[in-house]
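Labels for the chains are A, B, C and D, by order of writing; each one numbers its residues from 1.
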Amino acid sequence: MTTQVIVLNGGSSSGKTGIARCLQSILPQPWIRQGIDDLLEALPPSVMNSGSGIEFGQSGEITVGEGFREIEAAWLAGLAAMARAGARIIIDEVFLSGSASQQRLRGHLAGLEVLWVGVRCDPKIVVGREIARGDRVIGMAASQASLVHEGVSYDIEVDTGRAESIDCARAIAAAARLV
Amino acid sequence: MTTQVIVLNGGSSSGKTGIARCLQSILPQPWIRQGIDDLLEALPPSVMNSGSGIEFGQSGEITVGEGFREIEAAWLAGLAAMARAGARIIIDEVFLSGSASQQRLRGHLAGLEVLWVGVRCDPKIVVGREIARGDRVIGMAASQASLVHEGVSYDIEVDTGRAESIDCARAIAAAARLV
Amino acid sequence: MTTQVIVLNGGSSSGKTGIARCLQSILPQPWIRQGIDDLLEALPPSVMNSGSGIEFGQSGEITVGEGFREIEAAWLAGLAAMARAGARIIIDEVFLSGSASQQRLRGHLAGLEVLWVGVRCDPKIVVGREIARGDRVIGMAASQASLVHEGVSYDIEVDTGRAESIDCARAIAAAARLV
Amino acid sequence: MTTQVIVLNGGSSSGKTGIARCLQSILPQPWIRQGIDDLLEALPPSVMNSGSGIEFGQSGEITVGEGFREIEAAWLAGLAAMARAGARIIIDEVFLSGSASQQRLRGHLAGLEVLWVGVRCDPKIVVGREIARGDRVIGMAASQASLVHEGVSYDIEVDTGRAESIDCARAIAAAARLV
């Protein structure tokens, strides 16, 4: 069966969005990028840095409350419905709870053909990229680099510290048998 | 029954996003903003300016192909699913086909409690605001100003040429009985 | 003599940038927009929120240290040099020290033909616009609204709470005898 | 004498801005980033794609007219004045005319201590990065990759295809004897 959803999981600044754009460029069909950053941008500022919402600490650590979990669950249910309605979706995610995050997402995507992709980048490298981006709290990249992969199982893993985004995208497209 | 979806329909630069942010600020519950601009941003560049996708002319006119219509339908199905899963959604839309656009959206949102809001702004005013924004093709605002409201029925209409965004938001919140 | 520099002074969210874009659109010659926000964006993050740099409080108050003052002075000297070299400059400024800020800027712009413009907006209105923008710390607009005009003398004043940006721009262009 | 200006010259998507941000992070003093992209952003839209201004072709080629050259010269004179007034400046440039561009800039920066840095990236690599960025006309990176270095002499050259931005920045800081 043809891949309907590509899940890119990796820490902040690991290069997921660059890979997603390259995938959109090389895949013959139109794919929609949807990421946790888009959800955060779509929420009221009050959800950030509130006890029941999502809090970003000064060293890049993130604390997630029950209120945010409920919104995120509804958002993921919506992305799954988009895919069931025929859209091809690339989900750009950060599994803050590792395998537990994957379990939750697996539940939402039940019945869909999903390709699970681990996007890794050596913590030593990712710290420099976070500085070069200039729009992230310094420390987030390092704190998430290995955490988000704990106990997660993948169909393919790529390493943006060793390969360019476009080459990672080509490997993913081949694994998904989409090119 | 409590309003679950607020649909803001208006032409480009009519002030929908500003109203949506004000709604997020004054409403006691967290609401998620989702707009057609977010969908366009999430699509591959190749979908823009291709025959089957969506084309933006040099004078601000927009032509929509069958390929884009299919993606948009799946996206709207997804937003409806988010709302059914418990998320409160503000949809920021441009009904390029007027009442036909509303009919399509009404179909997707079946069973949900929807507040339909018309966001108007005098074409003479909106042209200046489009220039002041600096990030839109000049002409789009004027060409859409009345077109998008043709045959559309609303629960409430607001006019950003006569009232501030925050006051429009307060009127909408009252109409939705959310405050 | 022809106006070489247009200084727009007003509090945060008073609408200076929108007026600047409208001026660029209606003036027959090319004018360059340069604002204090551009300088902040060009500085290292460490200059923000450090004792000698510039600090943004949680309620929108701003504290400026000696280190930032030195950088700002060099930056203003540069803008003046651009104008002396023939560029037409619109400076988008926030006179945090009111008339003292104007004195400093007047010193830098010595010998140039400057049009001083006050951009006002009723504090009650500007608070709502700050919410509608969604990218500013809430409180900054209100705290600056009258402060930045204290003791400042203008060639023309405009009020974005009573006139559209494009109409303010037309009044400014006429006052500068540029159209 | 201490370096007062660092000029980073390289083609589109070669990684200049990332290096500039890393330099800002590792250098003990505050440095101001100023780039040709900032100037383009500050100009009226009418200067783009007009005969006497600057034109961006559909394959990424750029044509520069006399009108734009005059504005650019005034802008560079301003940056030089900022440096003479004590600001430390990192100039992020694209020498579209190779050595002739360097000659012009050298003239503006006369009397200042300048470190000239070549930022290279293999055209094969830079094409992929341009796709991953998602905000550039495809073709610009490849067309500029070697062109901008023709006949230009440097104090140091770095290659972002072989080293991370942060490591390039460290090499530049050492060459400038700033750390």
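The rule we apply is simple: a contact is a pair of C-beta atoms (placed from the backbone, for glycine too) under 8 Å apart; a residue touches a chain by one contact, two chains touch by 3 or more.
A quick note: this is a predicted structure, and the numbers were derived from the prediction, not measured.
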item: Taking each chain's C-alpha mean as its centre, the one farthest from chain D; value: B
item: Turn needed to bring chain A onto chain B - CA fit, degrees, nearest 5; value: 180
item: Proportion of interface numbers common to chain C and chain D (over half same, under half different); value: same
item: Interchain centroid distance [CA atoms averaged], chain C/chain D, Å; value: 27
item: Distance from the mean Cα position of chain C to that of chain A, given in whole angstrom; value: 40
item: Per-residue multi-chain contacts in chain B, two or more chains; value: 25, 45, 134
item: Residues of chain C touching chain B in the complex; value: 15, 17-19, 21-22, 25, 125, 127-129, 131-134, 164-167
item: Touching residues on chain A, where the partner in the complex is chain B; value: 24-25, 27, 30-34, 38-39, 42-47, 53, 67, 70-71, 73-75, 77-87
